[in-house]
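Each chain gets a letter, A, B, C and D, in the order it is written, and its residues are counted from 1.
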Amino acid sequence: MSGAERRSIGIGMVGYAFMGMAHSQGWRNARSFFDPALTPRLVALGGRNRAAAEELARRFDWGAVETDWRELVARDDVELVDICTPGDTHAEIAVAALQAGKHVLCEKPLANSVAEAEAMAAAAETAAAAGVRSMVGFTYRRVPAVALARKLVAEGRIGQVRQVRAEYLQDWLSDADAPMSWRLEKDRAGSGALGDIGAHAVDLTQFITGLPVTGVSGLTDTFVPERPLADGSGTGRVTVDDSAVFLARLAGGAPATFTATRFATGRKNALRIEISGSEGALAFDLEDMNALHLYEDAVPSRTRGFTRILVTEPDHPYVSAWWPPGHMLGYEHGFSHQAADLLTAIDAGQDPAPSFADGLAVQRVLAAVEASAAAGSAWTTVDTTPVAPAGETVPNREPEAAR
Amino acid sequence: MSGAERRSIGIGMVGYAFMGMAHSQGWRNARSFFDPALTPRLVALGGRNRAAAEELARRFDWGAVETDWRELVARDDVELVDICTPGDTHAEIAVAALQAGKHVLCEKPLANSVAEAEAMAAAAETAAAAGVRSMVGFTYRRVPAVALARKLVAEGRIGQVRQVRAEYLQDWLSDADAPMSWRLEKDRAGSGALGDIGAHAVDLTQFITGLPVTGVSGLTDTFVPERPLADGSGTGRVTVDDSAVFLARLAGGAPATFTATRFATGRKNALRIEISGSEGALAFDLEDMNALHLYEDAVPSRTRGFTRILVTEPDHPYVSAWWPPGHMLGYEHGFSHQAADLLTAIDAGQDPAPSFADGLAVQRVLAAVEASAAAGSAWTTVDTTPVAPAGETVPNREPEAAR
Amino acid sequence: MSGAERRSIGIGMVGYAFMGMAHSQGWRNARSFFDPALTPRLVALGGRNRAAAEELARRFDWGAVETDWRELVARDDVELVDICTPGDTHAEIAVAALQAGKHVLCEKPLANSVAEAEAMAAAAETAAAAGVRSMVGFTYRRVPAVALARKLVAEGRIGQVRQVRAEYLQDWLSDADAPMSWRLEKDRAGSGALGDIGAHAVDLTQFITGLPVTGVSGLTDTFVPERPLADGSGTGRVTVDDSAVFLARLAGGAPATFTATRFATGRKNALRIEISGSEGALAFDLEDMNALHLYEDAVPSRTRGFTRILVTEPDHPYVSAWWPPGHMLGYEHGFSHQAADLLTAIDAGQDPAPSFADGLAVQRVLAAVEASAAAGSAWTTVDTTPVAPAGETVPNREPEAAR
Amino acid sequence: MSGAERRSIGIGMVGYAFMGMAHSQGWRNARSFFDPALTPRLVALGGRNRAAAEELARRFDWGAVETDWRELVARDDVELVDICTPGDTHAEIAVAALQAGKHVLCEKPLANSVAEAEAMAAAAETAAAAGVRSMVGFTYRRVPAVALARKLVAEGRIGQVRQVRAEYLQDWLSDADAPMSWRLEKDRAGSGALGDIGAHAVDLTQFITGLPVTGVSGLTDTFVPERPLADGSGTGRVTVDDSAVFLARLAGGAPATFTATRFATGRKNALRIEISGSEGALAFDLEDMNALHLYEDAVPSRTRGFTRILVTEPDHPYVSAWWPPGHMLGYEHGFSHQAADLLTAIDAGQDPAPSFADGLAVQRVLAAVEASAAAGSAWTTVDTTPVAPAGETVPNREPEAAR
């Protein structure tokens, strides 16, 4: 099939910082390495800071820059809106885009509050009925080792899930002199380590085990409550958690422990999960992201142990699109996998995962942790009420080339 | 100094199973490798099963066997009673021995209940006033890497302790067909994973950080409530926890997470602790027991990372008594260090650590975890009331050779 | 500076397979992440198989396809020729391109024979005098951990280099039923494991230590001399080595050991090097490519050990162009670093490294290993005679925008 | 069976330093943990330095001290002579002991020269005919993970042995100011790293693979040729190798690489071996001595990788005599296994392994390495001529209790 004949879809992305760069790379690599039936066109990049937006646009060949996200959403050539802004703007942009009949990819956490997330999930339900797709950006699901872990659990390789230990350890705030940022303000960021990285630990647990978190008991801490302002004009108050630790139960009763902290000195990006099953176990660490460790009771005890699977073989998820066996993938590759999967789902007329409902489920766990922490670690049930579709109608959407 | 001129002390040990063998090796090696000023004589071994006791006595040259522990305690040539029996007998034997003016080494956990532990701690207080020493057997304190960790924390190498993650993972009950044993009966064992291995995780945390646990929120589980009886005559009911997970606060407020489980498939003896400090971090894993991992913010970022210290150098705790650098120590060496330290303390007329009060402190944490778990994970304060000396008088004790 | 005003350079690449894809990604990412002053334009892709070349061109937006490399070299808009073909064609293309005044990037190994490599190095010398640049693609030099290792050695952090152990372990031929391929034919591939991966081990050693290999004693093996043809029509004869092991001396006398094998069962891409110095040591493994291990005698013995440096900090080589600390890079990133460095060198009017002379130096080591192996492992001195510039004149070349 | 009724054997040990202590512990633990049918009695300890010998005797309950080894050998109650002295005395003591009809355990390396080793092997042959047993102390064969490795190779679990990488890395001489010692004098020590630790690497390779080394090409180095005398009186000349590296072929043709060095900065006791087979691989590192890594092609590629077997299960070699699963063994345990196996062999009237012939085989490899290094790394065939029994008659020997 020549390029000219291929179906394509116009992408409009809002945001130009860390996530904007990661998503730009994701769209581009999805096309080059996965060759999806639906080819992404980088139509427009939105950002209030025009200079910054233009700089990113220049580097990644975005076709245009818009300084008002509403303009971007309104563009006819934008068929998919990719939201890479801070969490306090997710709901407004996403709901508007969905209502405009645009597919939406929204960075995690889905929103800063359960109410916002519920509104988004409702809008996504409504949109889905009209063929408009939505997805939340838990990219770590698409690390090949993680995707393999889920498959192995689903195939029963470790038996019944008995116990989970999940943690996401970083240390970039460990230095008490590190300056204030929007990520430390509750109004902008929603929460601290809990929402930023704890969200990943929760989603990963739910994704790999297939079991939702049903209740929690939590403890949150702000170790450094006051920090210097970046401009040197004084100090600012940290209004989010530096660390959140919690106990949980998964559906069916399995106990789990969670740690999310930006104060784990020496740990840079250690998203770790270990799942103990009735017939085996799985362990993963994002700081060694090309490996998955598998233990199986079925192996005779004399040669049994954790096997370090280098997840770089052609029969591992996503790998065949990349390099020969033994050639490592990195952080950014998950964004390419996410983009490729989303394009495939849109083309196939299917709802992609993780859905906004999945994002809401995580949000509700985080909210329960905060509620528990505020109530002296009291056991707090996680709300699992399904969200009804929002009332408003969404225009039907088919991929451009299909029309 | 020739052997004849050295001071010595008569040891009477109760118990002949796993711990009896480990302690026998400990006493013997303490003498040969540490050459303590006070030499242990293996005077008598107590055990209700005479054949089993005689077998161990033959192998380790114990001078005599007693089938009634009261006889053993009463022997004039027994100056120190070493208690290696199941937890339900600790209190009775220890209190009797202390009241008889015998030094006591008691295996952990100190007792099966807080009440018993309190009685023992009170008896120890009374005895200490008369020069009679007591110690509880948290041997992992004496793994060189652990002892080094405590020193480094005390020296301020990682700054202020901010956060702790401790876990003790085993999997020997993961197989649902593993038979019943006394360790699974609440009456005999007191608790399950919590008291057996969780006790180690709690003691290690308190030992390394120097900070007591002040409150907890816990969750306990019995995954396999019914197990086949060893004699094939049916099934028995498991009345202890298979797993205990809990959140905690240390004095000063640092949050900590604990996991103790016998269902961590694939983990055989993974007592792990990581301490995040304001200026560095320490990590240890008993499955790699000769190593300690240290991270220090003071190192410039370009070459900073966790350093894997092989704790086998002559300037590391306990190491110079053994082999040249790089020669590994194993599980049993902690028992030799424990024996050597206890002999040194007795000879110096000092109270050794960990004391019965330390053992009680651990017991109270475990009790708080059980109380919290029973109360829906409600936050539960740990009792830290000091124990008053028990009333009864204890005969003065000086090492034999010193009299 | 807007995109329109930036200087640019037209790239013509020959080859469309594994390396063609890796280089395409390298050029593209160099532009997006490193924003070099000289921007690469993907002008033309050369390949004899038009369909395959067009497929890659479509995916990576190459402007045109040429089926004859001579046409590609002759294009006015091609200012740099990137050679990604098998080794038997390197010399002809590279010399022609240099003589046509085009900068050249040539994949490793530089050539299939020392004679070819010498001709190429001579041509490069001549070209350099006219401002035409050349570089050989030892991309592993540009893995951040490797680049850091070289810096640390140069700074004296491990003292004088005393001893080196280098190995490159793969296992993709371990299965005796794996089919024949051009890589197993001496005519096409030059050598087997020796030239394909041993070349990397030699270059890495010379790069990190700064010391050339001066002599060798080698042993080569072909474990599976006959393999099925891919088309099922019978078997073919393997005419290259499956494994090459050799002893070496570096300038100054330091001994080194090398292993290059495609039969290290279970090892997928383990390029490992450990350098023992008089005051420390460095260790690296490509299967854990974001880490460098450093040992320093200067640290007091009590806390000394190998430090695992996660080479993902902004002050590490190349890292600041990518993601925040702790976010892993993968295999392909070295190609981006290579492209960025080459563009910078061309723009600055400087000769980039590794030069064709560096490629020749590696080739001469490989030839010495083969000679030694053929002579019963006799010690074989490595030729280090400098190459004189080739006679032919090369047209002057300045970057287009600078003209 | 009571202690009084058990058969026993009188041990006379020569040497009181590092090895003397390790062997003392070995004899004692063999009795206590393995309960061999033939019980060792620690009859006499020989050492020219009476005070040092008496000190060790006191600590380990040796019955007597002899300052002349001839007296020790001549004692009626000494039935087995255990030689723990420097290598230059091995031959004389061992031959005398064998000729006196005493069983002999001799520390490695068997001797300082091939000629001595041949004489010893001949004497051992003669003695064996008369029921007198001999064994050389390659204790690492009896690390459980190593013993398991040999079994797995013998069972064909990794197929045919294709390639071996063995190294023994230490760094205790890396400091150029470390003083002279007898280990650095050729007259006393025979060789340096080669004989001291290279001998272990060679024996381990031959033991695990079952294949003798048939030829070598070597390179030896003395990095620090002059060192301060320990008494401060000046400097002494180092007359042994600091490092020896060599290529080798095993019977059948498999290539192997060996490194033995005391200058691998940061490596304390890293005896490592990796065996690549046609259907799998095995890897071991003495610095992680309770683990064995196994890779098997038979596992489907999706979950294949190196399995880290924690060799602490009851069905692993030697383990059931010690502690429950997951409890680590250390360096010294190999000495207990060696003693237990030797006692069992003597009692069973069988020749134990490794024999003096095995020790001689290692010696001949070391000699070939030295010859090769002296001849410019020329390929050097290893002598494998069998040794004829020595002429002299040896008195028959049966265990005391059996007489």
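Here, a contact is a pair of C-beta atoms (placed from the backbone, for glycine too) under 8 Å apart; a residue touches a chain by one contact, two chains touch by 3 or more.
In UniProt terms, the chains line up like this: A, B, C, D = Gfo/Idh/MocA family oxidoreductase.
This is a predicted model, so every value here is computed, not measured.
Among the other chains, A has the CA centre that is most remote from the centre of subunit D. Across A-B and B-C, the chain pair carrying more C-beta contacts is A-B. The geometric centre of subunit A is 36 Å away from that of subunit C, both derived from CA atoms. In whole angstrom, the spacing between the mean C-alpha positions of subunit A and subunit B is 44. Averaged Cα coordinates give subunit B a centre that lies 56 Å from the centre of subunit C.
In subunit B, the positions touching at least two other chains are 267, 305-306, 310.
The residues of subunit D lying in touch with subunit A in their complex are 148, 152, 157, 291, 294, 299, 301-310, 313, 315-316. Of all residues in subunit C, only 2-3, 18, 22, 24-25, 28-29, 31-33, 35, 58-60, 170, 172, 267-270, 286-289, 310, 312, 323-333 touch subunit A in the complex they form.
Residues 158, 162-163, 165, 167, 171, 174-176, 217-219, 221, 223, 243, 245-247, 249, 253, 255, 257, 259, 261, 263-267, 274, 276-281, 295, 297, 305-306, 376-379 of subunit C are the ones that touch subunit D when the two sit in their complex.
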